[in-house]
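Presented below are the structures under discussion, each in the form of structure tokens.
One chain, subunit A, appears in both complexes that follow, with subunit B as partner in the first and subunit C in the second.
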Partner chain A sequence: MRRMVLYSAVGISAFLTLVPIFLVLVQAFSAGEMLTFPLPGLSVKWFVRAYTVPEIRESFLFSVILAVVSSVFSVMLALCGALYVSRNGGVLSRLVTILALVPLVFPAFILGLALLFFFKAGGVNAKLGLLIAHIVISIPYAFRPLVEALKETPLSLEEAAQSLGAGPLSSFVLVTFPQIAAGVGTAWVFCFVVSFSELSATLFLAGPGAMTLPVELFSYLEFQGDQLVVAAASTAQVLLTLGMVFLGNRVFRRR
Partner chain B sequence: MKQQHSPIDGSQADVVLAGVEKRYGNTIALRSMDLSIERGELFALLGPSGCGKSTTLRLIAGFEQPSAGRVFVRGNDVTRIPSSKRNFGIVFQGFALFPHMTVAQNVGFGLRMRKLQKSEMKQRVMSALELVGLDHLADRYPRQLSGGQQQRAALARAIVIEPDVLVLDEPMSALDKILRDRMQVEIRRIQQRLKMTTILVTHDQEEALGMADRVGVLNGGRIEQVGTPRSIYETPRTTFVATFLGASNLLTGKVEGYDGAQAAISVAGRVISIPRGGLERGATVPLSLRPEKIRLCAHSPFMGKVKEMTYKGSTTYVEVDVNGVSFAISGDSAQIRGQHCEVGNLVGLEWDARDVVVLEDVAS
Partner chain C sequence: MIPAYYKAPRTLLAILPLCFLALFFLVPVGYLFILSFVEGNAFGGAHWTFTTANYTGMLGDRFYIVIAVRTISISLIACVLNVILAFPVALFAARLQSVWKSVFLTIATVPLMVSNIVRAFGWVVILGRRGILNSVLQFFAPQMVLRQHLFSIQAICFGLLTITLPFTIMFLTNAVSGIDRKNIEAAESLGATRWGVFYHIILPLTKSALASGLMVVFFLTLSAYVTVTLLGGPRYKTLVGFIYDYSATLRWPQAAALSFVLLGIGLAFAGIVQLLVSERKK
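Let's turn to the complex of A and B:
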């Protein structure tokens, strides 16, 4: 009986989340002109058409670059915080943890609005603004796996390296980093995916020349209404994300 | 590497702690410790967990800095010198081998940091591995080794750099009993062969007594006694040392007076004389008497009833009640049987006067 409840709960949630996504993915390959089911035929014409829309093409590229750059910064910043937190107790350590994780509980929508006012006041341009926002939003996703990975790595390894003559930097690079490489990889993939699909804060901060794919698709759908173009572009986004996760799993799989 | 040269007295001391103290906030981990470890000796820091021995080790190794006092190595003040420049070989508790490196790479790490030539490095790594009997496993990863092999690898990694001081932090704690006994002998053999000044940190009294030239017993962040294994075992200075190093009968005596150089002390209603001066007449003093120093006999001023007997093979443990004071005796099984020792029987106890040790602290 219990099992029945569990299975139906899992089944319903899987159905509600996966089926609509699956439908979008399938529709993107439609040969027809409208959202119809079953598909009138298979083709990639909507991908071609999405690619020919300059705004979509440019925003796709911009999103990829933004995700790559912001995720690298997020991981580096989160690593600094995680190194401190995993080795020190006390008030400062707890404060760093809270600061790193707060974007997770804080609505991104409000964060976007706040950053918009802040950047306007400070004269920060849209690209830099988006970069900063994406770094802030993805830091918690990097911080968690990094802290976990560092806590699993005994400090005595680093001390052993130092007693053998390695300075702080070489003991980190040669001994600690190889232990946490899988965690760093996971962190980076998380950050990439978060940045790549971020919408709510980005809505406030995007502007001409600094338009991400989700925001572009959002407004494209609103004004042009060409649903299948959007489906194709979304599919491209989902496939890239899945590819990243798959690659991350492959490369950084725990030994 | 710049070091301040600060002359100390002309002794052969290799490592000197001078008034070293360590506080964490309001807690005092170490109280003003003075310690001098001689060149080539194996010195054991022995104590229960939380006694400050790990802190002492971390200060000596340079992982932490003392709140007060100075650390000298071969006459040089190293108090502010980081671990990476101290040239100490450390065998960590749990070994801390680098998991992503082979045994040879682990052992070669210190030489790599010293920028040695490839050929010389290889040769020194191999001879260190040969010394610990691990040359056939040079290409294995730590996780492919047994506990004993991991320890040998950790030892090889520590000695290959030809350290000024070798530090062993609870080196046997990850090993089982049989392996532990074997590694104690082996580490001692290697240490004596290389004549390396070695500090052993341990909570295991057998390990300390069996391996060390000298032992420092720590308790509550303070050194209670330093001496050869024999001297600290036979003549403990405090109740803590007497009980931490094996079993002991802790007795309470009262100083009755002096007969020449012999102090007359009453214990369990009888007076014994101890060759010891400087005790105040009428004072109550704590005494220690090791169970194996007591012999059973037919007649003695100390007659008592056998309360308990436990046969342990070659030795037998006997508990005898003398005027309400309980004595634990551990003796040769044959000798004890020869004294018609059975529960309920009356037996006599005797010992040599010098085996009763007057302790310096207040009996609890």
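Let's turn to the complex of A and C:
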């Protein structure tokens, strides 16, 4: 009885969280003309068709570029904050921690609206606006692993380097950074994934010439576009994300 | 000893992210707050007249009350279903051996890396008029009239559970795994029933994780615009849908006011949950 309750909860949860994603991945390889189950046959024609839709192709490319650029900036900003927090206490340190983690709990949807009005008032263009929004949203995902990585590195090594005459920059580059490189890599992968799949805030800020793939897919679905094209584009997105995470694990876990 | 001249670049380390987040997080949200008190029609021009009409207008309108009640109900349903499903899953996972537990947690959290649009679309694939559910039904019962399963409260709930369950499962699994088995064995040897063990040992020891899980679920479901729009359609709009519509039709002060109503609802829920958790401590 007890076993059955546990197993059925596991089964239902697995169904609810994994099956929708799995079915999108499966349908993308359909040889048919519309959603059917079981599949009439396997083919990659929907990937080809998705690629021939210029909006989807361009937004995919834009999403990748945006994710790469914004994640680099958020890791750099989060690294600055994490270095300060792990080496200093006091009000400033607490302030950095709070501000760097708040975007995690604050609804991205409302942040997107706030940034839209703010950028309109300031005359910021859509591309720069999206870059800034994605940096703000992904900073917490970089900040936490970086603070943890820095906590594990003994301060004494850095102090030893500095007492031997290394400046702050060279002691960071030669002593501290190699120790936290794995943490930096993990942080970067997190930020990439967050930016690449971000939708709530991006919805407000995207525009002509600055369209990300999730927003493009959303509007494509809203206007009853071909569902299997969306399935193929979604699959490409999922595979790229999972590939990044897998590579990140392989490369950065090794110490 | 660190020489004093290193102090200056260190402060700069804190200033850089602080300034960035202040300028692009605090200031825009503050601006949104100010905007929510500006007269609606005058916006776009130069008239910045103070008014509370954006808020009071909503309170007096039955329409908004209905939408707000629907929004809160959907979020509460999602919270309840999350707890009902995630607790057994956590109890199951906590008993796994460490290798299998990490495999389990990896599988459970993979969906978090998949964009919300893909997860909502998964339900369109299943529930849509020409979706998988209908094609399976047609296969087994060809004479049946095919229905649209999308655009319903159930569809919204499925979609929201897909988004939120990984969080609650992750939080609760970690919390339940942290419980010392001796506590449970002691209770059992003293004659506690399974339900008694759950209520008196497991629940009190996991309630802070449960509280943070519930808050995440509530905030995520309150602001799940894409999921609700794709799965609820035009019939089942929630507050976020109106925020989006207002911003699209340039009624910015109303959109701003509604955003803070939404935030207020979320904070009220978080406050109640915190109160309940700390109350139990005594």
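The definition used in the following text is that the second predicted complex is superposed on the first by the 242 of 255 C-alpha atoms of A that agree within 3 Å, B and C clash if a C-alpha of one lies under 4 Å from a C-alpha of the other, contacts with A are read in each partner's own complex, and residues count from 1 in each chain.
One rule holds in what follows: contacts are C-beta pairs under 8 Å (C-beta built on N, C-alpha and C of every residue); 3 or more make two chains touch, one makes a residue touch a chain.
Everything numeric here is computed off the predicted structure, so don't read it as measured data.
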{"item": "Between subunit B and subunit C, more extensive residue contact with subunit A", "value": "C"}
{"item": "Touching partner for A:A126 - first (subunit B), second (subunit C), both, neither", "value": "neither"}
{"item": "Which superposed partner A:V53 touches (first subunit B, second subunit C, both, neither)", "value": "neither"}
{"item": "Partner chain in contact with A:V238 - subunit B first, subunit C second, else both or neither", "value": "second"}
{"item": "Touching partner for A:Q162 - first (subunit B), second (subunit C), both, neither", "value": "both"}
{"item": "First (subunit B), second (subunit C), both or neither touched by A:V72", "value": "neither"}
{"item": "Subunit B versus subunit C as contact partner of A:S170, first or second or both or neither", "value": "first"}
{"item": "Which of subunit B and subunit C A:V230 touches, first, second, both or neither", "value": "second"}
{"item": "Set of subunit A residues, in rising order, touched by both subunit B and subunit C", "value": "159, 162-163"}
{"item": "Of all residues in subunit A, those that touch subunit B in their complex", "value": "154, 156-157, 159-167, 170-171, 174-175, 178-179"}
{"item": "Contacting residues of subunit A [partner subunit C, same complex]", "value": "2, 5-7, 9-10, 12-13, 16-24, 27, 34-37, 77-78, 80-81, 83-85, 87-88, 92-93, 95-96, 99-100, 102-103, 105-111, 113-118, 121, 132-133, 135-136, 139, 159, 162-163, 168, 193, 196-200, 203-204, 214, 217-218, 221-222, 227, 230-231, 234, 237-238, 241-242, 245"}
{"item": "Footprint of subunit A on subunit C - complex, ascending", "value": "1-3, 6, 9-11, 13-14, 16-18, 20-22, 24-29, 31-32, 35, 84-89, 91-92, 107-108, 110-111, 113-119, 121-126, 128, 130-132, 135-136, 158, 161-162, 165-166, 169, 194, 215-216, 219, 222-223, 225-226, 229-230, 240, 243-244, 247, 252, 255-256, 259, 262-263, 266"}
{"item": "Partner subunit A, residues of subunit B touching it in the complex", "value": "61-63, 82-90, 92-94, 96-100, 109-110, 113-114, 157, 161"}
